[in-house]
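Structures for review follow.
Two complexes, one shared chain (subunit A), two partners (subunit B, subunit C).
Let's turn to the complex of A and B:
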């Protein structure tokens, strides 16, 4: 249980795909101009990641290592297309606002990276927790970044006006440079948190030894 | 050699399973997707022509004369009694990629309305063309596409002269105006060719045939 929790936690902070591993950045910077996009993209990516990891982990013995890449791509592409079709059919509004980003999940390095580095070598249960941790780790950063960018750059949160009418939105935050700035601040925050956690763990370990 | 064949076979099996699954999902969702896009189109056509009762597909006979703007669909919009005008779904490129607009032209050669269907410009700037709460004319609450409503085709369609630009998004404004202008001109020309109201299917075919040669010399629809 402790091990699974550690795998899950790694995705959130210590091995956060965006802030530590630095993969899947293009989507993170592109969609985070509104909170609803951030949530939608995060959940869609988590769904694809989860099912890809489950599938790869289950069939890992049947996948020869010399053709694993094309097989991973078939699996990831398949689940992404399913998400795309389902969104188009039943959630047209969401599909409209994220239109171009969904197909990009296929080339989101987080999925390829985790499938290759984790679930191809690990047991099914571990893979599920890794997928959930990584997916949520991706989602919280997206939602956090988009919250800052939407509130400062557009004066709204989830489309609802939260800043006073007199507030002049700072367009900078909606534009790519603002995205990079916020992203950098998130990296700094995450490293601070990671160091704090490490210190705490050290202190706990020292206490136990003493 | 034998090993390679085995790898190929395994790859083929995975690909086949993937294809099969997608075919099933596609089969389940296709009707719903078709219904959604039909619904969206009907709603936007109704917005341009409130009295519209039926739509007739005239995509084949209405071709773009511009290299940068292509027409995806075109409809002759009719009320219960008579044609009301033409609606064109035009695609052109704007600042952030393809922009899809629905442009309606009435029988009086003025623009019945413009709706932005798809746009991928900068949020907060060019993307405001899709924002129903962004007004280029704040006093009268007129949106960017809204300002084209009622505009005559004899107007200049020049951004910052007779078309109000979106603040800090001149490229988007110009691109969208260009799409509106191209689509509206083509629609008006089509209506010109069809001066007599369409009565019977036979007339219709004849009219379509007479309309086609006029467009025959047009450049093939653009797009990369």
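Let's turn to the complex of A and C:
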């Protein structure tokens, strides 16, 4: 149980795909100008990641390693297509505003990376927790960034006006440079949190020894 | 005039890294010093132009007449990957000097999103052949410029006191944000 929790936590903080591993950045910075895009993209990504990892992990003994890349791509492509079609059918607005980034989930390095590095070698249960941790780790960063960017840059949250009417939106945060700035600050925050967790673990270990 | 416009927009106003967040991985990974980032930039320019010259005729003279447009993604990725491989072989055998300078960057380029973005956009924007080539050069020059700028900033940063909580990658993104803000000034160049 402890091990599973650690796998899950790794995705959220210590091995966060965006803030520590620095993969899958393009889509993360591009879609986070509004909160609804951030949530949509995060959940779409988590869904594809979860089912791809389940599939790959289940059939890992049946996939020959020489042709694994094309097979992974087909599996990932299949789930991406499902997400794409579902979004188009039930959330046409969201699908339109995220545009090309939904089909681009296929080539997102996070999914390919986790499938290749983790679930191709690990048991099914471990893979599920890895997918959930990584997916939610991606989602919280996206939602957090987009919340900052939308509230400061547009004065709204999920499309609802939250800042007082007299608030002059700081357009900078919606524009690309604002995305880079917020992202830099998020990395700094994550490093601080990671160091704090390491210190706490050290203190706990020292207490036990004493 | 039209070509100049495409060039300036793709290089400065819609800079592929600073304004469109494409090819960020190599931007963060390959800018440790100016020489390295220059090599990477030149290699990307070279392959992007070649890939454009190969994929544009392929699409317009083969895929479009046969109504095979849906194969675009698969075929283009194959073309770019094999092109990189061919260039590597050719350089290794015939121009060893250039290979020594560029060789290590070539395999990395296969997966560079800037190149894929350019070859797909040439098609979706209905550019003519000449326009596509100009667009490819413009985008890769913008890439080269952004790479060299960040590499320069990083060299200066090594000797500057960076606040402790921003050390490492956070400061890179903040520097990028400032470079990007400067680039927004170029938006006035074209009305």
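Following the convention adopted for this analysis, the second predicted complex is superposed on the first by the 210 of 210 C-alpha atoms of A that agree within 3 Å, B and C clash if a C-alpha of one lies under 4 Å from a C-alpha of the other, contacts with A are read in each partner's own complex, and residues count from 1 in each chain.
Quick note on the criterion: contacts are C-beta pairs under 8 Å (C-beta built on N, C-alpha and C of every residue); 3 or more make two chains touch, one makes a residue touch a chain.
For clarity, every value in this text was computed on a predicted model and none was experimentally measured.
Judged by the touch definition given at the top, the superposed model places A:175 against both subunit B and subunit C. In the superposed pair of complexes, A:86 makes contact with subunit B only, with no contact to subunit C. Applying the stated contact rule after C-alpha superposition, one finds that A:29 touches subunit C and leaves subunit B untouched. By the document's definition of touching, of the two partners only subunit B reaches A:66; subunit C does not. Legend: residue contacts after superposition of the two complexes on their common chain; A:183 is shown touching subunit C, with no touch to subunit B.
Within the superposed three-chain model, A:192 lies in touch with subunit C and out of touch with subunit B [touch as defined at top]. Touch criterion met: A:75 reaches subunit B, while subunit C stays clear of it. Within subunit A, the residues touched by subunit B in the first complex and by subunit C in the second are 175.
Taken together, the subunit A residues at the contact with subunit C in this complex read 22-23, 25-26, 29-30, 107, 109, 172, 175-181, 183-185, 187-188, 191-192. Interface residues of subunit A, counted against subunit B in their complex, comprise 33-34, 62-64, 66-67, 70-71, 74-75, 77-78, 81-82, 85-86, 88-90, 92, 96, 99-100, 153-154, 169, 171, 174-175.
The touching residues of subunit B, counted against subunit A in their complex, run 6-7, 10-11, 14-15, 18, 21-22, 25-26, 29, 32-33, 36, 40, 97, 118, 120, 122-125, 168. Taken in their complex, subunit C has these residues touching subunit A: 18-25, 28, 113, 165-166, 168-174, 176-178, 180-181, 184.
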